Each structure stands twice: as C-alpha cells, then as structure tokens.
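As written, the chain order gives the labels A, B, C, D and E, with residue 1 at the start of each chain.
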Amino acid sequence: MLEIQNLTSGYAGMPVLKNLSLTVETGSIVVVLGANGAGKTTLMNTISGLVRPMSGHLLMEGRPLAGLAAEDVVAAGISHVPQGRRVFPGLTVGENLIVAVTAATKRAPGGFDQALEEVYELFPRLKERRNQLGWSLSGGEQQMLAVGRAIVARPKLILLDEPSLGLAPLIFQSMFDAIAELNRRDGTTFLVVEQNAEQALRIGHRAYVMELGELVAEGSTAEIARDPAIEKAYLGA
Amino acid sequence: MTMVLDVSGVTKRFGGLTALSDVSFSLDRGKILGLVGPNGSGKSTMLNVLSGVYAPELGSVTLNGAAITGMAPNQITRAGLARTFQNLQLFGGLTIGQNVMVGRNCRMSSSLLGTIFGFSSARREEDEARETARTYLDFVGLADRFDDETSSLSYGERRLLEVARALAASPEVLMLDEPCAGLSQGEADDLADSIRQVAAQGISVIVIEHNMRFIMQLVDRIVALNFGQKIAEGTPQEIRANEDVIAAYLGRRHA
Amino acid sequence: MDTFIQVLLAGTTIGCIYALVALGFTLTIAAAGVVNFAYAEWVTYGGFFGVMLVGLGWPLWLALIGAVVFSVGVGYVFQRVVFRPLEGKHFLTTVTATIGVSVSMAALAVLIWGPYPLTLPTFFGSGIISLGGVSLFPHNLLIIAITAVLIGVLHLGLTRTTIGYRLQATAQDPDAARLMGIRVRRMRTLAYLFSAGLAGLAGFLVAPLFIVTTTMGFSLMLKGLAATIVGGWGSLKGAVFGGLIIGIIEALGAAYISSEYKDVIAFLIVIVVLLAMPRGLFPERIAEKL
Amino acid sequence: MTGRTSDTANNRIRLAGLALALATAALLPFVLGSNYHLGVAHQVLIFIILASGYDLLLGFTGLLSFGHIGLFAIGAYTSAILVTSTGAPFMVGLIGAAVLTGVVGVVISIPALRIKGHSLTLLTLALGEVIRVVIRSMEWLTNGSHGIAGIPRPEILGFSFRQPLPLYYLLLVIALLTIAFAWKLKRSRYGRAFNAIRDSEIAADVCGVNISRMKMLAFGLSAVIAGIAGSLYAHTVRFISPEFFSLGLTVILLAMVLIGGRGTIIGPILGAILFISLPEALRFVKEYYLVAFGITIWLSVLLLPEGLAGLPRRLRRWMPRRNAKEAGL
Amino acid sequence: EDINLGMVIATTGPFAGGEASLIHGTRMAIEEINAAGGINGDNLVLVIEDTGSEQTGAINAFNRIVSIEPVAIMNTTISGFVMSQMGMIEDEGIPTFTGGASPQLAADAKGTEALFRVRTSDILVAKAAARFATENLGLEKIAVLRLNNEYGNGWIRMIEEQLAEDGKTPVAVESFESVDRDVTAQILRIKNAGTEAIIVAGDPPNHLVIVQQIRQLGFEGAVIVSNSGVLPSTLSAYAPGAAEGIYGTVDSLPVADPAHAEWVERYRSAYDMDPDFAAAEYYDGVKMLAEAIAKVGTDRAALVAELRGIDGHKGVGTTYSYANGGDGGTSVAIVQVENGGLKLVTSVD
C-alpha cells in the first residue's frame, strides 16, 4: 500500500531521516520502534504532508505522495493521529468527530452514523463526554478522541504516533484490540509508532527499528521481539 | 512519622459533572504517593485542587496542619506545595535557567528598589537564586543548558525542566502529573531514581502515572480513583491485587 | 414616544452598520486569528470605489456590485502579500503589518481620489416615508434589511452545514485541521474575500450617510473592534449583537442623557458589561487544561 | 569553557555598541545642529520614554492596553496645570504627574485583574477615551478643548532648559534613566515574574508569582513612566489639548513597540526612532511619504517578524547557515 | 537675490482638502509680485512643508521651515496646530500669518505679537451668526449644534455671549464628535425644544450630514451653518437640493465687493475652480507682507512692528487691522444657498 524509497527529510535544511526505505503491505499492521529523537514523528509527518521531503519517493498505492499538501494526503486515504493529540479545543467531542468526516466516511455502508457508533463503542467515555469541549477533556480522553477522529474518517491507512500516550492500561489494551479488529474486519492498514513496544509487537505483523534517522532492523514482529538487542533496548530488562 | 498533607472530603464539580467526590487521603513526610485511575477519573483535577488552581465545592486540604483550601496558587506554593503540569506550561520567552529562577521567586523577598539600585542584599539573593537554579538543573541533568532557549529542548527534557522548576520552590510536597509521558522505559527508570533522591531529602511526592512498571517500583502507597471516587488505597502489592482496581483500571494482564 | 422610536430607528441603523463592519472584521479573526487593522481602509475604499464608478456613469446597482468586486480584489491581494507570508506568526505581528499597510492605503486614497469629502447618492433619492410622527429613510431601511439578510445567510451557512465547524477547527489548530482534510488555505482565503466583500458593501452602503473621507473607516473599525470584544472575541453572533448594542446605546445616550457625554456613556456601559461578563456576551469557549 | 569566552566576547561587543550609541546620542546635536533636528530629537526622546514604559505592560507582562495615551495625557495635564496655574516649579509638576498617573495606573489595574485578554484591551480603550473626554469636559480645570497654552519650558534649580540644546540633554538624561530602569528591571526577579505572567499566567501563579500584585506593579510602573513622558511633552511643546491624545496616537505607540520588538529593551527605542524620524526623513518624496512609510513598516514586519530588535539574532541565524553551506561545498 | 517665504500647510491627511486653496491664494500673490519685478528687485520663493494634518507634523514642519530662514511663514488654519507652534513663533519672532479663526490666537489672548490672523476672528463670525438670527430674522429660540472641539466650543461661547446681551440663552445646546454620522438624537432634542433657528458649527463632512438630517427630520426653521458649510467644495458635495435655503457665514463674498469679484475671476482662470474667501485672505497676507518688506527690509522685528501698524487695510478678502489690538479681518457676511450657489443676505463690517 505504502512504499517509501530513499526518503530524506528534516527541518530547516537539516535532514533528520536519511535515505530511509520502508514498505507497508496492504492490510498489515506495521510497527516502528525507536528511541526519543530517532525521527519517528518526522517520518509520520513526512508521510502525511506536514513536513516536505527533501528527496526520495513516497508512493501510496503506486501514486506519488511527495509534494502533496496534508489535506490532499487525507484525500488519498491516509489518516494521521499526531503526537500530542491536537484535538480542537473549542469544539465538542461530537464536533471534533464531525470535522474529521471524509468522502470515504460518507461512502462507507452506514455512513457517518455507523462510523460514529463504532467510535463510541470503542471508547464509551467519549459518548459520555459527547457535548464536552475538547480542551476540558482529560489527557487520556483527548487521546481517545484523536484516535476516534481517524477511525471516523475510514481511511485505508492510519498513521498512529504513540497512541498509548497518557492512556490508562485497560483503555490502552482495548484500543490495541480494536486496531487488530479493524485491521481484520475492514482490512485497514496501520503504521504505528509506539514506545510501549511489547503491546505494539503483540498485534503487529511487521516491525522496523529506527535509530538516528535510519533503519537498523526490520522483520516480522515475532523475529524482532526475539532479537536480544531489541529486547534490551525497548522492552526493558 | 509526621503527616504533611491531609486531604479530606474533597468534591469538585464541573457543571453537571462530578470530577471528584468526597476523596480523602493523607501523605507523610518523605513518602511517595501514587495516584492512579482510568482516564478522566479526576487525578489531574485533584492536583489542580491541591495546588489551588480549582477551588473545591466541598472538603478541605491542610498542609502541616494549616488549611490551604481557598488560597491562591501562589500562596499555596509559598506554603510548600509545588507541581508540574500534564500539559506542559513552560515560560517560552525565558531561558531554561530563568524558568527555574521563576520557580525560586516565591522564596525571594528583595524589594523593587533594592533590585533596581542593586542593594547588596538583593544581589546576594539573586546570586543565591541562580545557584539554586543551577543545582536543580544539574539534578535533572540540564545544567549545561542554563542559557539556552526552552524551545531547544525535546519533549522529555521539557518535562524534566518542569520538575527542576518545581523543586526550586523548595517545596515540602512535590506533585508530578504523568512525568513519564513520552519517555522511554530507560529514561523513566532514571527519573524514578531522581524522585527517590528527592524523597530521601524529606520531600513528600505525589505522582500520577499510567506507566505501571514505573509506579509500582517507585511509590510507597497508591490511591486509586474511578469516576472521581476513591476506590482503593494501599501498598502497590495491595492495589495490584485489588479486584475493583483490576476491573476499572489495570485489566487482567497487569494484575 | 415618536422621538423614542425615531432615535431607536437611527440607533438601529447605525448599529446595523457597526454590525456589518464588525462581522467582516471578526470573520478573519474567527477563521485565521488575523486582526486586520487595515479593515478601516477596506471600508473606506469600498466607498471610494462606489464614488469612482458612479462618477464613471455606472448605474448605482452596478456600481454597488463593482465596489464589492473591487473590494474582494483588494482582499485577494492582501491574502497574497500580507496575510500569507505571516501565517503562523503571533497575531500582533499581523496587526503591525496591517497598521503599516493601512497607513499606505490611507495616504494613497488621498492621492487617487483627492482630499475633498465625497458622497454617493442613495437608491431612493432624498425622499422619506412619514409614519405618524416618525420619518423613515428608505436608505436606512435598506441597510437594516441587507444586514438582516446577510446575517441570516451566514447563520444558515454556518449552522446548516459543517462549514462553521471547519472554520473553527481551522482557526483553532490549522495543522490539525489539515490532517482532517480541511483545505485550510482555501478556508482562509474564503474568509478574507468574504470579509473584504463585506467591507466593500459596508463602505458603499454607508457612503451616502457617512460621507466618503479617508478617515471614515477608522472610527467604524474601532466600533467594529469594540463590538467584536463586547460580543465575544471571534464570535460572529457576538459581533452582530455587539454592533447593534453599541449603536443603540449611543443613540439613546445622546437622546436621553447628553450628546456631549454619549461616548462616555457608551464606554461606561462597555466597562460594566465587561466587568459582568469578562469574556463578552458569547464568550470564546476555550480555556487551558492543566 | 568555550561558552564562557564567547559570552565575554559578546558582552564586549555589546558594551562597545552601548558606548557608541551613548557617544552618538551625546554628540548628535553637534552633527545636526538645527532647531528642526533638535525638535525631532525631542519628540524621539519623549516617545522613547513613553514606549519603554508601555513595553513594561505589552512586552514584559503581555498586557495589551489601548488606554496608555490616557495616562500620558493625565501626566501632561497634571504637570501643565500645576505649573501654569499654581506657579509651581517644573520638578513639582514632573513629580506630581508621576505620582498621579501612578495612582491612576494602579486603580485601572484593579478591574484589569478580573478581565483578561482582548476584553482587557477594550476595557483600557474605554478607560482611555473616558479620560480624554473627562479632560475635555472639565473646563474649569483643564480649559477643555481649548487646551492649555503657554506652558513654560523646564527650569531646574534656576537652570533654564528653554533653549532646544539644553532641553535635548535633559530629555536624553531622563530617557537614559528610563532605559536603565527597564534594563535593571528585566534582569530582576520582578522582570522574570512579568515575563512568566506573559508566557503562562497559570504556571506563574503556581510558581509562586503573586499575579495580582505583579500586574498592579506593571500597570503602576508603566503609568508612572507615561506620566513622566506626559509632563516632558507638555513642557517641551508648551501647548496641550485633548485632541492630541487620541486613539490614533495609541495605535502609533503600539506600532512603535511592535515594530521595534516587544519585550526587549532596545525595541521601543528603535521603534520610537523609526516612527518619529522616518516620516521626516521621507519628506523628500513629498506627498508619497506616508505611502512609503507604511510600506517600510510592512516590509520590516515581513523581514523581521519579531521586530527590529530581532535583527542581530536574524543575522546570527543567517551567518552559520551560510558557513555550513560553504563548509558542505 | 531670492527671499524665502515659508508655508506650513496640510498637503496630506484629512485637512488637506480644506487647505488646498490657501496654497493657490498664496501662490497667486507671489506670482503677481515676482511678475511685477519682485520686492525691490528680489523674488519671493515659496517653500511648502506638510503638516500631515497632525500636531507633531505641524511642529516639525514649522521647525523645518524656520531652518531655511524664511522672511515669514504662511501658516495652517488649524488653530490647535498653531497653538502648539506658539512657543516657537514667539521664540523666533518670525512674522507668521494664519487663517485660524480661534479667539485664542489673538495677540491679546494667548497668541503672540508675531502672529497675524488673516481672517475674521470667530468672535465676530459666531456673534454675527447669532445676531443675524435674532435681529435680521427676528427669531427668539436659537439652538446650537456644534462640533465638540476647540472650534465648536469657541462658537458656543461667543453665541452665548451675544445672546446674553439681549438677556437670552440658547434653547438647546447639543454637540457631536467629528466622526459622528448620525445626529438624529441631537436634532430631535433641538426640535423638541421649540427651536426656531439652529446654528451649526463643524467641519465640512459634518455639515454635509447634518444639513440633510435636519431637513429629513422635518425641522422647518432657519439653519445657519458655519463657514465650512458653505465652502465651494462643500457646496458641490451636498445632495441635490439638500442645502437649498440654508444660511452660512463667510468673511466676505465676491458679489459684495468688485475688487474681490475681479480677483475671483483671475483665480478661476488660473486654477479652474472656485476659491473660498480664505484663499483671498492668504493672498492679501502675502501682499501686506511684501509691502512691509519693501518698506523696512527683511529684519523680523522690524517686519513685525511694521505689520502691527496696519490699520484698516483694504484687501480683496476683507479689511485688516493689527494696530491697537486689532485682530485681523473685520468683515463678516451672511449668505444663503440659492440654486446651489451663494447669495449675499447681509454683511457686517
């Protein structure tokens, strides 16, 4: 689905990602691991068009993404849940979800109503807080809303940047279960950046490990989880 | 064992929503208390009540036996309670060192005239504040960034700067809201060590965190909230085994 | 009683003008956080465009359309050279730039249209309708009607569609808005152009009452600013009510208390309103979550 | 260690710059001897004082006030009335102006503690206009819209500053004192507290900064300075009337500080110099000078969004990149 | 050798329109003088500086002009600006002509010896307006609607003084701000007071608005507007017919004086527009100055002394007196708008 070849990207002329290549197969869940500052967020932002690549190719279903504005990337079927949640503070939970509606949502069976139901089922807390303004939500509630907005959009590919941040353990588990479920049922593809490697590797199919803007390891999640170096660095002793 | 902080019967409502209802607990000198609970259970709200940002509808908070409910945040800080924020609140226009020195402000007393005309007492106090700031920046590992802009810090470093700023107020109680968010497990372990050192100096700590590994290894006691109510209190072992906490918060896997 | 109705009518007319101005002024705030001090000149130029086109022999209605179109053009130029380069900067930075441009525009207006006060005819000549002891001025009624229609259209547009939410989302977090697929730049351009069009319309409509001078826009913009804040920063509904309230208070104050102190009265009422409702009638709903 | 040495190098550059600026200011009258140039310089100095004080609110504390010209007016009228109708010496007028505006500033700050953000701007705008209209209406005291004429030039301990040259030095000294005050303040715990309030009021509060007291102090201090500037204005121009202290002047004052760079010491100075002297310097383009002036403002904002004070930082940011590029090649 | 004549006037900003004709009047005089061989062979050269319609601009422009050492200065008509230059005029002792009509500018009020008014003081004009209403029109109930500034306040003071002579007071006194564009409330208050004549004092845009609203609100009595309400540029901007029948004050009207009428013809052919009377008065100012220079040379003190001696000098604009506390122009005329033009009703000298 997503094909990244020799991507170099960064800020103000200084590259963060160096010549990075990565593939996301249709219908798979791909996990990206890496230390703080490795460039994971930069990778996600480059895919979604918030950061302009300096060189290299980004192909979504064979069509180039590089140079597209963020809003056009969304139209191509990619939803990005950014690090730091970024819910709209002055809109209610419901309005935040309405704003995230895309053409794909409307076309899908059941349309927006169905999609909304799904989000509320996954995060009942959001349903309770339906009419509450974004800013006043607790940190975890905001995180749920951010993920909910991506689900409502019904994209082909969802980019999740540290979705577990600030989530309580139970919610966190049910979210990962839901990701697996969405993937199985609708065939939605996921690219997930996560500090909590253990959980991510549990649901993922493939994993990449980044260090200082470059890939240092890749393989099936099972292989990666077994790799002693990885285990030491990301899973904790 | 002396009790430093006593929270009794605190209730806080937002419109029709009761974010905290009748919550009580206490904290002893030099102890570390964990505050856990599902998202939206009222943990941050509790911190906001303790630090004076929100006034509770009911209940009282005493610090060393003196009531602090209804006091302005700056008075509470002067009384000995300092905190960090879940959503970072740094002073972006100040350097890293100055951020920490603002934290020291509540322990400074020189007059306006004294600082403008450079009275020796005022200068001494300013030097002392700078030294204190350096000490605490050193403590969180940011000493060499004293004159840098805050914007040059990574997310994790910013959290540490907030800790240094809170410590500069020489608090009796330090309150941390999700200090590990965005940190890797290794960094979280380092932070836990630092917090233990703080506690060893006799400062009591309240910490909110969803990182169970961090919490369980660090704290002396845990208070668990759900829907604004206290559902359990005890040692980490007791909490880990508590059925209510498992059902509401931890899930089976963590138990 | 006649006097009261007559004064109320005059206050409502002026209030509608303030509301119209405040609406355009607020639109850029609501959509992009842009406080546009050159709005004064946008309004002034609307009047001047009208005078110029009528001077060229265009019929009045065509001149009205022309003035609005020209104003939209001015808005487009602004979007390219003033607003876009400063996207994402602090709102005071844009304020400074617009102050600069407005100084230039005001000076340029004198060079183009000369220093003398100019006027436009109304659609209805100088005829009046007498209703009992009250005189109705057709042009004033037109202003009230147009304001009402515009407010209605905007209200429907913003509440019956999701555009209103998208506009708010754009203003609150442009990057996140783009991640939702919202065409941020298009939204903003739309807001700028609409705002400029409103300015041109206001400038044209008030020209027969206000006399087109290079300073005519400044006081109107200040009233728009006041209306925006009294109504609630960035709230379109607030801008309308704020404008109406200020206009009516001024008129009633002048009629029943003192014309010398009418501005003080209006300002004192503003102060009282702010003390009672520090964030305006329709407050911006955002605060900080800690 | 290298950091230390480059710091001292920086300080040395800064000291040299300061010395140069002082020398220029002291010798300026001998370069531009005419009364016209001195007259412009008088205005520049008065506005440096006013803008520096305004920046304590706007730049230091993040409070956008539109009523500052009202305080300036109160200062001017207090001094003018004291001196012309009671025959008090200039110093009494000056101090009276400072004290009264200080008190008014603190009183204004009381509602300002409750009201934040844009509403504060409107509140202060309303207060400023009320001040102006009240001055205009109190004919028995202020001579109403006719203004007060015949205000004498300053005289201190028998020494007259009637001539433009001595007056220049008097204004220069007071401007330097104001700047030194702002500079000291910025580096003190008070300055830090002001900045903290600007950046995050709630965090400042939680850090132990007494928000109410600090806001009152900021309003009071900037009002005192406005009062001093007002007094100096009255005694320099020798005529004041309510019309001068209009909202347009407020906008100019705001633009001055913003163009210069808010929250910096040098910003208001550069802003005042630019705003007063540039239109004069542009007189050669005749009736186009205002057009040119506005375009200059716009361009400078485009190039230096943080204000003229941001120029050195901009240059520094451009330099290493160019170096890096050269090194890369 | 050339003699510099300075001029401090608004060429930009809101006052530029009102002051443009003064430059023409001044220029006309200079051209005539130079064409006739100059003053003792020296040509007059006009140097203009712009006030930008602002007080600080007026101060700077004045200082700038002073630095070229002009023989005299033709100054702005905005009284407030002149007041703010007063200290400098006094310091320099430079002969300065102004069209400012404010009573404050009189040498025996707050003005200075070196300042010469080339117009009729508002003391005379405003009183003439009031007297016209009471004596000529025989009306009892006079109301005043005035701009809330130095100008408007000067008018109300003088009108009250004049009415007091007959033991009267205005039945209503209302004010407006210069940016106000709706005076319904004020007019209704005036109307409800049973007013028979309204005297309006304001700037040109104010008159355009007020005259129209007075009629729309059905006030049937007499309307007397201050000078700026009947300037040629204002007259042409009234809505068709709106100003018909209103009275206005002018210092002088050409039809009353053949010399003035002849001058107007020359002005028209030179600038292709109608002059207002103040242009003629600035013309007179330059002429009086030239005569004085021819007599006593360019020494400032001598010039001031010479000009202060003028008594009953008849110019094209009006008759001037500076001797014995004389305060410039002495004539006032009341005119009426008829078919869009002005008709002399009465004149006071």
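The rule is simple: contacts are C-beta pairs under 8 Å (C-beta built on N, C-alpha and C of every residue); 3 or more make two chains touch, one makes a residue touch a chain.
In this text the structure is predicted, and so the values were computed from the model without any measurement.
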### Query
If every chain is reduced to the average of its C-alpha atoms, which one ends up farthest from chain D?
A
## Note on the structure
Top of the farthest list for chain C, CA-centroid basis, is B
### Task
Could you put a whole-Å number on the gap between the CA centroids of chain A and chain B?
31
### Message
Please tell me the distance, in whole Å, between the geometric centres of chain B and chain E computed from their C-alpha atoms.
### Response
73
### Query
Which integer distance in Å separates the CA centroid of chain B from that of chain C?
48
### Where chain E touches two or more other chains, by residue
12, 148
### Query
In chain B, what residues contact two or more other chains?
44, 53, 85-87, 89
### Message
Multi-chain contacts only, two chains or more: what residues does chain C have there?
### Response
107, 110, 218, 260, 263, 288-290
### Task
Pull out all the chain pairs that touch, please.
A-B, A-C, B-C, B-D, C-D, C-E, D-E
#### Entry: Of chain E, residues touching chain D in the complex
11-12, 49-50, 52, 55-57, 59-60, 63-64, 66-67, 80, 83-84, 86-88, 102, 104, 110, 148-150, 152-154
## Note on the structure
In their shared complex, chain D is touched by residues of chain C numbered 37, 82, 85-86, 89-90, 92-93, 95-97, 99-108, 110-111, 218, 222, 225-226, 228-230, 233, 260-261, 263-264, 267-268, 270-271, 274-275, 278-280, 288, 290
### Message
Considering only the defined contacts, which chain A positions touch chain B in the complex?
### Response
35-37, 125, 129, 132, 136-141, 143-144, 162, 165-173, 195, 233-236
#### Entry: Of chain A, residues touching chain C in the complex
48-50, 69-71, 74-75, 79-80, 82, 86-91, 95-96, 98-102, 133, 135-138, 149, 153
### Summary
Contacts from chain B onto chain A in the complex sit at residues 14, 17, 37-41, 43-44, 86-87, 154-156, 178, 181-187, 210, 212-213, 248-251, 253-254
